[in-house]
């Protein structure tokens, strides 16, 4: 059995491990368009900010591919799929034959239609090569000030890294606040205050219309409201969209991402997709959509791996969830964090002095979302309650109490958790 | 040795079982867990001499007269393993326990977000890493089991 | 002097114990703070230290036992009064307390006054030269005995191939060891304590006694090893209850408080107690002193046979009395009234709550009581008609052996069983705040007594004592406990008066056969 995996990140690695668990003999080949050993994408901001070293970047240890008997092809991009012949064509015309294929190409950064995007000193922030480029540029050009376009997770992590490097940052965000996709106003305000303290400037309700340069290097950006900001470096961090280049012009059905069923299979037999490039079941919203989060990609890769190896495992679906520490403040957001007031019940605890914010959103007596800023202790319990769609009527008042824990849950529910039996996933 | 003999000899991994009807809420499990994960492993030095004080990886929940100690369940299908962005969370081959390589952990807290038991802690006083039960690697029986005065925490073979 | 009078009229409770905390060892883990039901210890977060209020300490030693560094030592309050042989500290404190409260002084457990302990003046024989001793590890040694009415004579049928027994035997309780658990009611002790006793009884092949608290539904499954008690309050006595046990014991008296009834304060009457005892929630459970339907020996006979009828003569029905002055004729009357066993509870028997003066002054020691009762029954030729069970402060296997040699078929242990489960005799059972989870109904405290551990410790105790009994029997050259029953020749008195020796029916040490 010839397993071919395009993509060497969360989805791909999980698939490798799962396939090997079930099939000790099959041949596994992994194709990556990057030059690096597997690494964790979310770590690149830590790398830029010198919080981790290059040695700490690998996601799995040195012997991973050898121990799992996987052929690793680095630095080659999959350019074309020949579904009839069941072949993947790489740059340099190399052809890899497959019996089962997993497309785990991840996401590709959203590039805005801005004049001057191709100037030197303008970077996206997705891959390790981006970080390498940025580091080189900073060193060569003595960068002192930067603009980060996009106040989402990627933009904020990039900002933090730049501030560590003693660069002054201005964030330009289209919405009225940072992290508008995952945080509500109160949560965002806590982080915005913290950013102010470290001299980071935030310009909301605005966007960059043009980047101007001198001698091909970036010199200033012009905003929608005509304001001009001088810069030495621009990082575009608007977001990612599924990387579906490869499957365009093939019978593989796509929407925003590659459409997969409950077994991570596309409409074409023996072709699976997982991770940021696909759209699969959102268990909360009950629709299919891309959820570009590391643990979701890992889970999808695992399920894809099982099914590719002949073990029928159904994907239970996931939902949006994010955990990130910003300016030293831990934050977690899960599920639906922004719902219309009349559709739901909101429980809130906001201590502005301590910069602590906790919010639980209920719909029909079930938790559908939660935000934690400053105090993330035991947040996972809420994630579990969302996932298991537990009716919380009996202990609603306890949800935001200091001592909320498994002890607040009905005994029968926690019995299976506490008795040492395996967690139900 | 043939395959069956090999399987029979293989020791089944142990798991910690909690019996909340016997927990007195004395929190001695927390004390001994802290000492076990301290530098000196000496109860007086760990409390009085180590700065920052190490944290226990066991959480005692208490409400009214009900109490129980909770620690990592070392789940078969552990969500923290998937969520970890650095690969710091890994499964130990011998004991099947889920362990955290604190050197690799960067404190992103994805594990805290996904653990349905809420048994992963932020070790903020020390290195900012995720802290959780490691089944007292290297000990015959975990210290919480050993020192619970009422046998509310016991060790059983994983089913 | 103004105001001094008002200050003096309310004196603080005299402090019994001092808590010594070794600051070098105390790690302020606060286990003692959390665990003490009397709120003796408290934690000050500012200084990160734990301090103790000595006035509240009852000396149960729970904190000392649980402290992970051994930082706590409990000492008797060294604050001393001028030496006075007549008016010692305790007497002064008691009078002070009564002047303060006008109340009856209550206490728990058994008499703690230094009455002579006859067991400590009795020695056992050992075989030498003639009549060799028996090694219990190598030769059969039987501790089994039976409680119940034994027939006057045995009629055998030799006609068939096998010799058959013609006489029908009265119902018997089979004991694998001559030690039973004494009556301790559910209410005075926790359900977990009852479960520990029941499970240990099952494992050791002996019996435990429900006391006057009725039988909790969770304990019915141990019925085959349960002696159920019918006491003056008739708590929890209904049809299923009578049928649940292996034997029935009518409680006339209790060694700790002869002549008065039992008292369970309303605070200890929880929902489960209320259901088990069939009394309203939160009301005091008062047992009257006499059974109000027993005013003569004939009345007792009537009740004994009523119970036998109800249980179809399939269970032994016995009577428990306290050891008082006329214990011998009373025992005789009870046997003649049809009881299958008589349980005698001596002066040092324990209780959950009793007035101190009654506990300490009323009743006689069990050593004398069992000796005179056994002697009387033998004299009247009716010793076989009932088994004698003796209880009241039996502390060791040597006490057991001596009691059996003085005439008992088996012994009841109460205090010893509680000590095995953790009790340190602080004598505050009546407060319901027992830190060991034994004499309390507070669910926070009862959790501390894990019945698995409790039963294990009780089994250990009985096993250890049984082994010691076998060793002593073997030493005497006897291989069955039943050969020791009433075998006063094996005992000698040391430092006892002639009257004591006469009453006990034993010779003084030094005198041969």
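Residue numbering begins at 1 within each chain, and the chains themselves are lettered A, B and C in the order written.
By our rule, contacts are C-beta pairs under 8 Å (C-beta built on N, C-alpha and C of every residue); 3 or more make two chains touch, one makes a residue touch a chain.
What you see is a predicted model, and the numbers here were worked out from it, not measured in a lab.
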When every step has to jump to a touching chain, what is the lowest number of steps that links subunit A to subunit C? 2
Based on the averaged CA atom positions, which chain is farthest from subunit B? C
Comparison of B-C and A-B (more C-beta pairs in contact): A-B
Using CA atom averages as chain centres, what separation in Å is found between subunit A and subunit C? 70
Counting in whole Å, what is the centre-to-centre distance of subunit A and subunit B, each centre being its mean C-alpha position? 29
Between subunit B and subunit C, what is the separation of their C-alpha centroids in Å? 44
Subunit B residues within the subunit C interface of the complex: 21-28, 30-32, 43-44, 47-48, 64-65, 147, 149-152
Touching residues of subunit B toward subunit A in the complex: what are they? 15-18, 20, 59, 61-63, 66-68, 70, 73, 75-79, 82-83, 85-87, 103-104, 106-118, 120-122, 156, 159
Over in the complex, which subunit A residues touch subunit B? Could you list them? 14, 40-43, 46, 51-52, 56, 58-60, 294-295, 298-299, 302, 321-325, 330, 332, 334, 376-381, 383-384, 387, 403, 405-408, 417-423, 425
Can you check the complex and tell me which residues of subunit C touch subunit B? 24-25, 27-31, 34-35, 66, 68-69, 442-444, 447-448, 450, 452-453
